[in-house]
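Look for chain A in each of the two complexes below; its partner is chain B in the first and chain C in the second.
Right after this comes the complex of A and B.
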């Protein structure tokens, strides 16, 4: 969209207050959504929670194609459709809600820089792992990505997406990297984030910003998603303050709210692997059907229970 | 020898056959041997020539009738010689097209008479700045019975539908059998299509946005056509009945429905070279299972080729100005075609034009399939849109027609978009 049109749209958007029926669209939670998309969706949900704006999560198999930019998640607010965290932050700002108003220019630039770091390193590493690591592609990505579609459409769509992502990787120079190098990059990114976070509760001052939402979305998803191996989550677990940060944000913003998109439940169901029977046994011991039911009933106490269990899982995985 | 002398056709020669096989030729010329007198021979030879030409494998067919020469010649024996020129093995065409903000080059290739029995392979490829589309088709008639044929098509087609703010890309494969039964023509077809829907503009309504994405339709369909008109464009007499049904979902795919539609037209010539024509169209789409119907399967109504006086496909359910189509519709028209007043250019150019007075009506809606047929009829009968007017029709060859009408739309419901006043239309199928 041209700058003029965008400015005009923002003017229009600013005139209306946040409606009650705002909706966030993503792919199907149980069977379809992948690691990178789940991270992005969780980041937006965290951001909207931090701004205290109610939104309900709607799962659609064609969410990726419904989105105006082709990426999930996107929000449908009044008459407008906005996708991806960056534009959503702008949109919400036009309505008068902002988390980064208290920052000065230098801090804002720093925040943008760290968000770029997360997008260029963490997100790209997630995409690499999902689409360029052959084992993960075969066992997790292809079955999940094409699951809502009949044969042969499921194979065609996942191969098409894989080709597109691999072309993008080649363009940014990641095609030649090995898995170890990618994990090294993840480690360096986590180190930078950990150093910036230090012992503070949030990245800037005592208030969360969109950077906190983005980092939470990615790190929490990495920590709680079961892949073929857990090398990726190991890299994050090396930094204690990052795991504590995730736990803190989850406790503060995702417990006691009444949508079934509670962070732990959504991340947990994002991926499953049949290759590690021991971990699966632990999995089934912790997350009994009873606990799932409680979570689904959306009682505040149950959400605490789920969060507590989420913490237990993280401890267990060390 | 004169016209009524009994003659015997002794030999039929063919000059110029190359790759064409003998057996299909034998079928087409079998009748010539049955001719009894000279007039009959000439007539049967002419019919055989027409039959040979319709196979689509010869560029030219000449007939020579001569008395028989040679040792076994009878006194009233005749020899008929067909001099044929076969089409080349490969014909190609190359065009460039320029349209709205886009250009494309179109390459066409045709392989007539590929294996000697009138099989045909055609390939068309269009490469443009916006879109690429292609089609590959293999056609095989039954030797001796050209109307019974079978074809396989592979295609990719893109369409843009601004009235719904929708873009659709179809990639599909279809196989069809055509066969005549008595006076009717039947077609049995299986089609598998990968459909991709998308929004044409960022301002598309959310109902259309929700339909974006991919789906796979695998359907079997049957069509029956009875056509006794003397021409398909501006017929003077005769009737047409087309009934089409399609069942999707039982051979794979994720779209499941039963679709029926029919088209009926009746023409009668009146005094002074004028023709009265009545037509009726209708259709119904019943989704099977829980999923609602897709915007790509529904019916649309309105426009210069349908209910005149309304904008293209702009009648019926809509959301924010995007027309979503409906699951049931009917449309009818009464027309009176007369020659141009004062008959200018009579006998020549003026005969291509006709004056045209019309009355069109129709309705498009979604039915609640739980209610009975009485409720359905009631729903289709309320909110009828109709229009009347007059105009000029131009016939383009035997393929298309152009219309310029002045229309008065009536019964307009809120949400319909009208085109009252002058409306121009071009097409091959008009209500």
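Right after this comes the complex of A and C.
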């Protein structure tokens, strides 16, 4: 956006208070949305929750096309539409809400640097996995991305998107990377985030900032999304303070909300098992501390925590 | 490749005392991304800055022994910031801005690689630079090259401001001894600072940030015996 347009938008934004009917748009939660988009949407939701600004999540198949920048999520506030976390943070700041005002200049620089780290490494790795790893593309991405549309539109749209992403990967030098190298990059990124977080509750000690929202969005989505293998989520699970961080934010900002705003909007694998769980098998499975899925999670059959055991049991008994 | 990468690697090698000879590459056809120069050590060829730094570390030439875990993490974050926010404008200044490219970059680059590569490679790198900028930063709501250019220079200036704030009055980014981050930052800043381009908006902005200029001058005089006057 040009400087003039940005200044104009800020003026407009400042004029009105946050309305009750603000809406956040993303793709369809159960069947369509992909890992990277889910992470981005969750980051914005977390940010708005941290600012105490109510927003309802609206799922539309054509969210990507409605967005002014072509990327999800976008928010519709009053009569303005803003997409992506960066501009949304600016927009919210123009309305007088900010999470990073208390930081000094050096801390602000650090916060921006870490946000770029997440975009540079984590987001790119997610895109790589979704669009450049052939197995994942065939089994998860293509079926999900075009799912709202009839054949042949669904195939055309997803091939078009794949071509676009692969061009971008080639331009930044990621096309030649192997999956192992990408996972190693994810590990390096998680190690850096883990070291920076240390034993603090949030990245800048007591108060969450947009960095916390962004990291939460990506890590929580990685941890709770079922892909072909668990390699990606295993990389994150290696760092205990990161998993504790995700749980803390989820408990503080998402628990007790209705299903639409809940953080348990995980992308379901297209290969969810259809078999009925054996009652004995359920009870012999142990509680896993790493599970963050609420009862609203869509994949109870693959999750071993007590909440799901309870849900599966209830379903069995119906 | 673009000045940022190679200067950064030279600076790192000088900081940590690793013996370094700059070899002009004669067979760029075989380098994967025309990313010269490369580091060659006993038949291992490595060409990306981060990999070269990893390689030097493994060979036990390490400028980062004194860094804490948090500072190591900060290094990674700031390098990501440089790549996302400063690199596009740098690529543009060197390889896309027509006057700069024709009068400075192309002749300089072509003079350092053998014929007939010199006929083909500079143009290829220019096209790749533009391609990279458009693919990573283009797209709605920016619809024309002019809008993209305006945005990337704005981001680059903001990035320089952030670096200046982070450096403050210290000699180096992590105290009194240089580290990997200093090498990377120097690698990005030195070409902008020193190369005499016809179109210099980034250089003018950098010159207002006196602590960054002092940072570059310190490194140039201490670790590079000669003052570099061209790329």
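General observations
The rule we apply is simple: the second predicted complex is superposed on the first by the 262 of 318 C-alpha atoms of A that agree within 3 Å, B and C clash if a C-alpha of one lies under 4 Å from a C-alpha of the other, contacts with A are read in each partner's own complex, and residues count from 1 in each chain.
Please note the rule applied: a residue touches a chain if its C-beta (ideal position, glycine included) is under 8 Å from a C-beta of that chain, and two chains touch if they have at least 3 such contacts.
Since this is a predicted model, take the numbers as computed values, not measurements.
Using the contact criterion defined above for the overlaid structures, shared-chain residue A:193 touches chain C, although it does not reach chain B. By the document's definition of touching, of the two partners only chain C reaches A:114; chain B does not. Comparing chain B with chain C, more residues of chain A are touched by C. Looking at the shared chain after the overlay, A:157 reaches chain B, while chain C stays out of its contact range. In the overlay built on the shared chain, the residue A:149 is in contact with chain B alone; chain C does not reach it.
After overlaying the two complexes on the shared chain, residue contacts for A:106 are found with chain C alone; chain B is out of touch.
Touch criterion met: A:81 reaches chain B, while chain C stays clear of it. Shared-chain residue A:167: touches chain C; no touch with chain B.
Using the contact criterion defined above for the overlaid structures, shared-chain residue A:68 touches chain B and also reaches chain C.
With both structures placed on the common chain, the touch criterion links A:176 to chain C but leaves chain B unconnected.
Once both structures are placed on chain A, chain A residues 1, 68 are touched by chain B and, in the other complex, by chain C. Taken together, the chain C residues at the contact with chain A in this complex read 32-33, 48, 69-70, 72-74, 76-78, 80-81, 83-85, 128, 131-132, 135-136, 139-142, 147, 150, 154, 162-163, 165-166, 168.
Here chain A touches chain B in the complex through residues 1, 60-62, 64-66, 68, 76, 79, 81, 149-153, 156-157, going by the rule given at the top. Taken together, the chain B residues at the contact with chain A in this complex read 194, 197-199, 202, 206, 209-210, 212-216, 252-254. Within the complex formed with chain C, the chain A residues making contact are 1-3, 68-70, 105-106, 108-110, 112-114, 116-117, 119-121, 167-168, 171-173, 176, 188-189, 191-193, 195-196, 198.
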